[in-house]
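Below is one structure. I have some questions about it.
Labels for the chains are A, B and C, by order of writing; each one numbers its residues from 1.
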Amino acid sequence: MIRSARRAAGPAALALLTALGLTACSPSSSPASGDGGPSGTVTVFAAASLEESFTALGERFEKEHPGTEVTFNFNGSDSLAAGIVGGAPADVFAAASPATMKRVTDEKLTAGDPVTFARNRLAIATAPGNPHGVGSLRDLAAAGLKVVLCDETVPCGAAARKALTAAGVEVTPASYEQDVKSALTKVRLDEADAAVVYRTDVRAAGDKVDGVDFPEAAQAVNDYPIALLEHAPNASAARAFVALVTSPEGQKVLGKAGFLAP
Amino acid sequence: MPKHPAAPPLGLDAHLVVERGSFRLDIALTAAPGDVVALLGPNGAGKTTALRALAGLAPLTGGRLRLDGTDLARTPPESRPVGVVFQDYLLFPHLTALDNVAFGPRCRGAGKSEARARAAAWLERMGLAGYAGAKPRRLSGGQAQRVALARALATEPRLLLLDEPLAALDARTRLEVRARLRRHLADFEAVAILVTHDPLDAMVLADRLVVVEHGRVVQEGAPADIARHPRTEYIAQLVGLNLYRGLADGHTVRLDAGPEVSTTEDLSGPAFVAFPPGAVTLYRDRPTGSSARNLWRCEVAGLESHGDQIRVELTGELPLAADLTAVAVAELGLHPGAPVWAAVKATQTHAYPA
Amino acid sequence: MTTTAPDTPRKARRPRAPGRGVPLALLAPALVGLAFLLVPLLALVVRAPWRDLPEQLTSPAVWDALRLSLVCATTATALSLVVGVPLAWLLARTDFPGRSLVRALVTLPLVLPPVVGGVALLLALGRNGIVGRLLDEWFGVTLPFTTAGVVLAETFVALPFLVISVEGTLRAADPRFEEAAATLGASRFTAFRRVTLPLIAPGVAAGAVLAWARALGEFGATITFAGNFPGRTQTMPLAVYLALQNDPAAAIALSLVLLAVSVAVLAGLRDRWTRAV
């Protein structure tokens, strides 16, 4: 059994560099306790930006409910939605945008309405110490500054476009990266001077990058919806996991990762 | 020895030493301009290695190599005034006959049109003017051989090397090509050395034979002398003789192999005895009234037809070859393993000092 | 695609020597292999949004990406030829200590995940890379996020294909032709240029095709090293990948364009070569 299914499409590069020691070790699952509580394996499809916080929540869930096992599939929300529509056997879907969740609800594949459990806002990532003195979105338009944005086909790119429009700033980036982790990697490798990414990504990168908040980020806040899926193989345990995510305890973990409360 | 000490000695003066693993080639070769020398020897004797050493394709590990007074031992192949005709010609398949021949002059500094003009002249001389534009794969074996010769000669080498020049040809073209090659070699004013394992090619084409076995020269001289007085079994077989070494005492030679042979020559000391296979008579039973004094008990080891004769290989008291007609073989009922008596008249043997 | 059952009458065909048919033990796996390669492509064609295709194809962004793909793949192939053929010659014709190690190193990019290759290129040739830093300092040249960066990323993954292919051809070619050239006065370089190179031309061409195809489909190393900017570094595979995020139909349409163009180019070239050789 794979404990944590980590699938990174583009960000394999990042994985190589950060060598995030994502090893949620726990004793191998034993048969369920007989008190009617959750048991068995819960399969969670979650947006890549949730990797750190959900992994922590998964560990906590397994500790609270002996005999359960949480398996994650972290990937771009769009790929995950496509997988679920295509019939992938998942219990829970946590998306990085309502638009991607809509693709699943449109197919009537969720059990009940999705709930917003977290919000993410954009931030500018720069090299440690912010050597170019980037203080606002407007500074990104400076000549000679190498900026990378996410491609507008992915949520962080769409959000960045919204924020830039709100600020009335025209930025010509060096590249439209295929996902937020790639954008961040470019800053961490010092190939780019700045990237517009999520606050949670800045937080996860620790002291490898500096984060700069900007007011226009409020115009482009991302809601993260979570839903139990219609054909969930393990609905009862899945419901318990969703409850943990939305509980104050879950919010604390998400908050630590940089997410805003819904 | 040169007659005029001031002028450098012309021609080839070589002592080739090439060591490779357990094999050692160690032969001395000298030749004057106009000489055609054949290196003759069995496969693996080192002939081709010698040729490659002369061309600079195999490095000398010792000895010397001087051509027209110039030391070439350390000269790379492309700077040696040496032309090579390779066994399978190695004509460049992507170039026409003309461009193959023009390749050498081009590499040695001639302009494109000049090189082509020279190449055309050489093809003309070889009787191949009509094939200038042909790619090698469209040439017959004999034509390809002539283009290869033209290509080697077009660089005006002071030493021409030919590696088994006729081996790639079938028997019929061989005759014609051999005669042609002989004329071209006769015209060639510098040193020509050819390597062959075919005694006929060697004797027709060369003025002098150098027989190489196991990396060493075992005999050299004019073709006729060598044919008459072979000094090794290999040469004897090549020229079709049974050859033995022994100790002569008057008209008898006690062979190293055991038995004695009566001869007409009167010799003493180490000597060779030779007789042709055709001189051997075979009997099923021991002949009683035979005048032959040389009689050995043998056993048939093998039969092989060549021409209208059958060569019988014999082992026993004396290993030898006998040539019989097919009728005689049938009458004697010869087959491998059959016991026979072999007889040779003293008058048909030939003994000479070793 | 239909397969002919072994006992289908063959009246229309040339009579064959008895017992010289294709053995089933070869035919069956061969057809399975062929089907395995073709069915996914067929699925692309079947599921293509044919109705929307004209609209997709009139978008200038598609043509930009296609043009960039062709230009970069061709330049990468040319670059691979310039350095790859000599490298193959070195591996095939000379003897130096550690040659087998060098050969293994040459093939390394084949096993490296392309994204990792892209990261490696960043670490070597990026603004802060061990070589890139000097390029920046001395010449003011930075390669990431440029079209030149795309070419380099594609060359990095395509070069091993060319080297392996050409080295194999060189090993199969008779080295005695080079010796013959030497006895005619050709230096080693002249012999290589005028004799060896023409002789191995078909193998070099095959290697170049392989390299070109690999370069054309390159995604991971390119997007990691050169990023994604329409008209500058966004090649077709990148455009396809990003379209796949929210418009799979467009992605399929783009893939079909890439497939059609590469098939046309490869078929055209092959004809020309087979005639020339």
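The rule is short, and it goes like this: a residue touches a chain if its C-beta (ideal position, glycine included) is under 8 Å from a C-beta of that chain, and two chains touch if they have at least 3 such contacts.
The structure displayed is predicted, hence computed values, not measured ones.
> Determine, using the mean of C-alpha atoms as each chain's centre, which chain is farthest from chain A.
The chain farthest from chain A, judged by C-alpha centres, is B.
> By Cα centroids, which chain is closest to the centre of the whole protein?
Minimum centroid-to-centroid distance belongs to C.
> How big is the gap, in whole Å, between where the Cα atoms of chain B centre and where those of chain C centre?
Those two chain centres are 53 Å apart.
> Between chain A and chain B, what distance separates the C-alpha centroids? Give it in angstrom.
About 85 Å separates the centre of chain A from that of chain B.
> From the mean C-alpha coordinate of chain A to that of chain C, what's the distance rounded to whole Å?
Chain centroid spacing, chain A to chain C, equals 36 Å.
> List the residues on chain C that touch chain A in their complex, please.
Chain C residues touching chain A: 113, 115-116, 118-119, 122-123, 126-128, 144-145, 220, 223-224, 226-230, 233-234, 238, 241-243, 245-248.
> Going by the contact rule at the top, pick out the chain B residues touching chain C in the complex.
Interface residues on the chain B side: 55-57, 76-80, 82-84, 86, 90, 92-94, 103-104, 107-108, 151-152, 155.
> For chain A, which residues count as touching chain C in their complex?
Those in contact with chain C are residues 10, 12-13, 16-17, 76, 78-79, 82, 146, 148, 151, 153-154, 173-178, 182, 185-186, 189-191.
> In the complex of these two chains, what residues of chain C are touching chain B?
174, 176-177, 179-187, 190, 194-195, 198-199, 201
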